[in-house]
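All chains are identified by letter, namely A, B, C, D, E and F, in their written order; residue positions are counted from 1 within each chain.
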């Protein structure tokens, strides 16, 4: 029963999200031999002022 | 000091959330014998296009 | 499809965990009207040196 | 800068984990057009008594 | 490669967030001896009706 | 009531963790003006085979 959480910057289309969850699920089924229907994926979108790398907000880069 | 994170699809009323956190807290106090005031609960609401099961977005089901 | 994550200090018995997930699930079904089989719960146990409050590790309290 | 957290039951080999992170990363690059080196993945393994579905611990199923 | 997630109530300015991520990063570099550019920080803002303490929503306190 | 989760590779001493939570807490109090006793911090340590960057496990780097 893998649970996947994906945190990413806002701005992807629903087509991209659809393709992402479909393919991430397929990869889990293939590599860790779980059942397809057991895979849950949660997407969390962030504003660029809510993610930082090396101490700098993405909105300031 | 239990910390509870609850991820759920948008659309519940504040009355439902109020009842949920009250009763989840009571259940923790009762079952794992922690202090009531020590329980923190965070709710995160998701759009249906941000949750998938079996490789399919909820917004596509 | 609520996903619940519960972070707590180590030391509870499996009986306590069993009661906790059963009752937390029932409370969600009752308060936010989801299906019982849709509720996933993940428990994460922590050492006391991995949780802090007010800047102090639990292992130092 | 996607951050992926994967929660799964213990018992996979390092070869499976290696294949999983490699392919999940490739899928993100392909579907959401991020840079490969920007993808971080965290794996968290769980005991069967730390995950529940429908109110029942996996260790009791 | 520390990954930091900070959950807090809405209402801080971008200046506060900028200072927070800069200083949290510096503290990690200093205390756990990691590289500055390796530190990722994700901020998640919550409405007061999405956080509870002792069974009571912040919006009800 | 900020809740901070810090994910990092295993191997730090308790002295390092003690200093880290103390100083991270001070920084939050200073930059986002919260109360010291309101800050919770959870540390999660990872094996190097449980974290990947750019599709490669840290244990393989």
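General remarks:
In this section, a residue touches a chain if its C-beta (ideal position, glycine included) is under 8 Å from a C-beta of that chain, and two chains touch if they have at least 3 such contacts.
Predicted model, so just to flag it, every value in this text is computed and none were measured.
Contact with chain B and chain E alike is made by A, F. Overlaying the C-alpha trace of chain C on that of chain D calls for a turn of 120°, given as a multiple of 5.
Measuring from the averaged C-alpha position of chain D to that of chain E gives a distance of 24 Å. The centroid of the Cα atoms in chain A and the matching centroid in chain D are 11 Å apart. Separating the CA-averaged centres of chain C and chain F is a span of 20 Å. Of all residues in chain B, those that touch two or more other chains are 1, 3, 7, 17, 24, 40, 42, 44, 51, 53.
If each chain is drawn as a node and touching chains are joined, the picture fits none of the line, ring, star or complete shapes. All chain pairs in contact, by the document's touch criterion: A-B, A-C, A-D, A-E, B-C, B-E, B-F, C-D, C-F, D-E, D-F, E-F. Contact residues of chain E toward chain F in the complex are 1-9, 12, 16-17, 19-20, 23-24, 27-28, 30-34, 51, 53, 58. Interface residues of chain B facing chain A in the complex, by the touch rule stated above, are 7, 44, 46, 49-57, 59-60.
Within the complex, the chain A residues that touch chain C are 1, 3, 40, 42. Note for the complex: chain A touches chain B at residues 14, 17-18, 21-22, 24-26, 36-45.
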